[in-house]
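The following block contains the structure, expressed as structure tokens.
Residue numbering begins at 1 within each chain, and the chains themselves are lettered A, B, C and D in the order written.
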Amino acid sequence: MTAASRYTYLGPEGTFTEAALRTLPEAATRELVPMISVPAALDAVRSGEAAGALVPIENSVEGGVLATVDELASGQPLMIYREVLLPIAFALLVRPGTAIESIKTVTGHPVAQPQVRDWLKRFLPDAQWESAASNADGARLVQEGRYDAAFAGEFAAAIYGLEPLVTDIHDAHNATTRFVLVGRPARPAARTGADKTSVVLWLRADHPGALLDVLQEYAARGVNLTRIESRPTGKGIGQYCFSVDCEGHVSDRRVGEALMGLRRLCSDVRYLGSYPRADHVEPAVRSGTTDEDFLAAADWLTRCLDGRPDETGRTATDR
Amino acid sequence: MTAASRYTYLGPEGTFTEAALRTLPEAATRELVPMISVPAALDAVRSGEAAGALVPIENSVEGGVLATVDELASGQPLMIYREVLLPIAFALLVRPGTAIESIKTVTGHPVAQPQVRDWLKRFLPDAQWESAASNADGARLVQEGRYDAAFAGEFAAAIYGLEPLVTDIHDAHNATTRFVLVGRPARPAARTGADKTSVVLWLRADHPGALLDVLQEYAARGVNLTRIESRPTGKGIGQYCFSVDCEGHVSDRRVGEALMGLRRLCSDVRYLGSYPRADHVEPAVRSGTTDEDFLAAADWLTRCLDGRPDETGRTATDR
Amino acid sequence: MTAASRYTYLGPEGTFTEAALRTLPEAATRELVPMISVPAALDAVRSGEAAGALVPIENSVEGGVLATVDELASGQPLMIYREVLLPIAFALLVRPGTAIESIKTVTGHPVAQPQVRDWLKRFLPDAQWESAASNADGARLVQEGRYDAAFAGEFAAAIYGLEPLVTDIHDAHNATTRFVLVGRPARPAARTGADKTSVVLWLRADHPGALLDVLQEYAARGVNLTRIESRPTGKGIGQYCFSVDCEGHVSDRRVGEALMGLRRLCSDVRYLGSYPRADHVEPAVRSGTTDEDFLAAADWLTRCLDGRPDETGRTATDR
Amino acid sequence: MTAASRYTYLGPEGTFTEAALRTLPEAATRELVPMISVPAALDAVRSGEAAGALVPIENSVEGGVLATVDELASGQPLMIYREVLLPIAFALLVRPGTAIESIKTVTGHPVAQPQVRDWLKRFLPDAQWESAASNADGARLVQEGRYDAAFAGEFAAAIYGLEPLVTDIHDAHNATTRFVLVGRPARPAARTGADKTSVVLWLRADHPGALLDVLQEYAARGVNLTRIESRPTGKGIGQYCFSVDCEGHVSDRRVGEALMGLRRLCSDVRYLGSYPRADHVEPAVRSGTTDEDFLAAADWLTRCLDGRPDETGRTATDR
């Protein structure tokens, strides 16, 4: 297969990321290549070795996946074309025949640990936790005999010759991870009517209320935010950029005008793409912010400039 | 002369309005026709009998000239093409030979009265005030012998065969009246860089913070207001429209976009024109709100839509 | 009677103001004294010659009654204790026996004129209008034979020996005038739950977005405005103060805190009183802005300062 | 020693956290106990086994230390009493005699890795990185021979019998970590004039512009934010709480009133303390937001309620 049909993902095989990737229809016809880290998965896209990369960006228990958020904010630009939501439940994977009483050591990705902490306290209070590079890697280490059990997706059992001793483990209800399919900059995904738009914003340092003004650019056009995350710029304590997702597509006038406002307001804006919402929820569009409203306002302004401001035939008594 | 070269004004002859009109260079080549009221002066323009009308719109002591504000907000649309500022000082006009001790009755326009009240208390405490239809009309009534003295512009003395007994009377320092030259809707006056833009706004009745949102549309683009006046819509106590002047010209991008925002936000907007400021004060344009900033943002949005968001050659390390 | 039981009002006898005053229960036991002007009515209160004065402040057709708005904003402080709403309909008063065909001249207060303009155009298109000092004064001038007919309240007919030729004349539906009962500063009227609070605000001149900030002080506490009027300060074009009415009573925490915010924000604030709404409409109080919410927040802050921030017994899982 | 004189910290010995703790004067007279994790260090405080815990909360390269941010937002309440800023520079620690050419494997805390990534690419491009539980733990693993070199603070060398082969390694200039000294809830640290105040905010879910309103509560009182971080509430994608630091002390009126506003606005607020800024920077206090301004406004409101609104002796002409 060629680079054009290759997708990388945060590996190794058997991770939740792979499971998320396999929910995409086109995954069936792509070469899926596990990579050892988010930067590695994304750099393969940057260098042209892969057409896309699927990486986790946000977890409902642990929050932003910082490697992904930071990689998208810096380095050679990339864009998001799809998002995938995957409910997260862990299985406790053991070598065949292992009894729960004999488990002394458990492993898993550091992100998994807070999601199974309560379960561990209750069912394996004396087991020792050690972190692995990934959930799948934890499974491999169990296979190799380094640990007694690993928390991973149930689908990882077969890959590593393990068996799921307990399944559907998750401290929080509705634990979900959000993944994004990232590619090189190109035309955004087509508008579906239920879309999100992502940007990274660098505020003007000399402006105390800058974040308030940023939120105002969205709010004034009735555009709701779905995620906002502050990240350090690396230039010292108190210096942040903001990674922001909002409802709507860049080709929606209200979103496009908000983005232009941000571009004027901020010292820099990086557009990360517009893409279909995985949950298909269409936004409630506030009165006065539909595309038709924006076009009518633009038409009216043109008439003002031409000296025909009231040509719609409305009369004062309509008011 | 034809209607095209005729200007009406709030008469009669000898008013401050006439004095203001005569400060316009083109007044020398126009037929200047006094009218008995602001509506009459404006209706002559609406009907095509005159090309323009000069009417007072605001006084630094008395506030908005409501007849003008309301006429511009209702009826057949008109537009403002010029503004004139005239410092207001009154002369006390009497029939030749009248001594100040013999003055028992004084007259003048009701708007004049609060501007000379302190002077009257001090120098003519026992004189009786009666209002006249205009300052000039007061002068005429003195000429006819109905009153002993009239407050009017010094320039009115000659017209009515009177003499100015006292000049430069004004309780308030810097008392100024602002006049506007009004015509039928056409292309706005050319942008000079020191302009004003006037609108009338009808808020959506069902929206409590609507006025806040209106001000935000201006503020978000760094557009300062120079006047805001609430006027009843005639539909009951608590129902207002707002007459608003701001800095800048409709062809300034920041003003144009603010107007479009208002058009989407309000139930109706009436554009009253953009015209040179009489004081020639250029606005302080906030960073991010120049025409160049708006164009750069629009270019960037186009690149986002085309999939070339970062083509400016900036690198992440610039941030 | 003594000054303590004397109320002045904008006279002469037979004005709408008198009619409004007579709707107050206590009017029956007061000496009601007509005065020739709003300032005169208010100065009688200031000097102690009267306990109160009823004056018009706002008209649904003509807007603010500027003499009242300006008098309350300047000079020795006064406070508002009551408001009265009076539907306005005019009668055409004539000397007994006058036929409508014989009416050549009509009179009335200048504020009446725009409220009967359409009626005049239709039924008396050739009649000459001249303004009178008040509607009642117009009636007197008809009595004296100076004019043929006067627009005034029907109740004025008897006083001046006239007869109402036509009644219930009003161009606008729901034309209403709002009057206020003004006294010397004292404790505000008791809270009823359906109240208004009035202030005059002088913005800091050096602060472009000052009006936005003022509105924000109200909005942040869920306090709706019912009237906002800009008035010149007399210091030059573009220098305004704002006369503002809001829902609620100064003893409502949300109103009190908004007023304190305004006091800190503005260069000056004049408190004009809190008083029952004439329409008895109770405000919709937004979640988080009841008195209980303010008290709970103050209790919590005290606990924070004392080092007991979470003493309410809530646990993290409630969140 | 007793629990009252015991401080825990994120161990093991030789971490930057220990170095930061030792910059506190009182550390000299406390028993300093290393703990294996942030939750362990904090739980020792919660249970009363220690009086305080020093933990990292923010890094200028990596951002928020999520374990700390999340621990402070949930579970039994704790409060912050001090902050410490520590410039971060790494030393490459090796067993005595190791040459740089022979280094095949390096280790360190995952947070260290992005801070030395560029250095590694340049000077040890072929070395294999594996993460350790802490920088100090990495040093221990080098001592035990498991890895060839560890990135850690230079001060860790002596503890583990290693030598610093290279010092002052840091990809970013000004890399700094911020630590907080945490204790059980009690009176906040005394106001110094250069303070910070920390809270965790849970927004009302049903309110789209809630974050905007939150920022407005600070901005309206001239209170600047120094950090804002969104964290998932664990209830699903898109459900966040916000960890916010601002300038000023809870006993500053402007901060106290902002906190009360937040308490009314948010579904919950957790107060995390007020404490001296490590950088001693005093805030620029905006006109109208000093303690004196708040007290003057409260006095004035009391006078309004008492009917003496203008007792300061100011006259209208002062305005």
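As a working rule, a residue touches a chain if its C-beta (ideal position, glycine included) is under 8 Å from a C-beta of that chain, and two chains touch if they have at least 3 such contacts.
Since we're looking at a predicted model, the values are computed, not measured.
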- Item | Chain-contact steps, minimal, separating chain C from chain A | 2
- Item | Same vs different contact residues, chain A with chain D, by half of numbers used | same
- Message: Between chain B and chain C, how many degrees of rotation does a Cα superposition need? Round to steps of 5.
- Response: 180
- Query: Where the centres are mean C-alpha positions, what is the separation of chain A from chain D, in Å?
  - Reply: 26
- Task: Return the distance between the CA-based centres of chain A and chain B, expressed in whole Å.
- Result: 54
- Taking each residue of chain D in turn, which ones touch at least two of the other chains? 216
- Message: Per the contact definition, I'd like the list of chain D residues that touch chain A in the complex.
- Response: 58-63, 66, 70, 85, 110, 114, 131, 133, 172-176, 178, 208-209, 211-212, 215-216, 219, 224-232, 234-240
- Task: Mind listing the chain B positions that touch chain A in their complex?
- Result: 73-75, 77, 79, 185-188, 202, 204, 213, 216-217, 220, 233, 241, 250-251, 256-257, 259-261, 263-265, 267-271, 287-289, 293-294, 296-298, 300-301, 304-310, 314, 316, 318-319
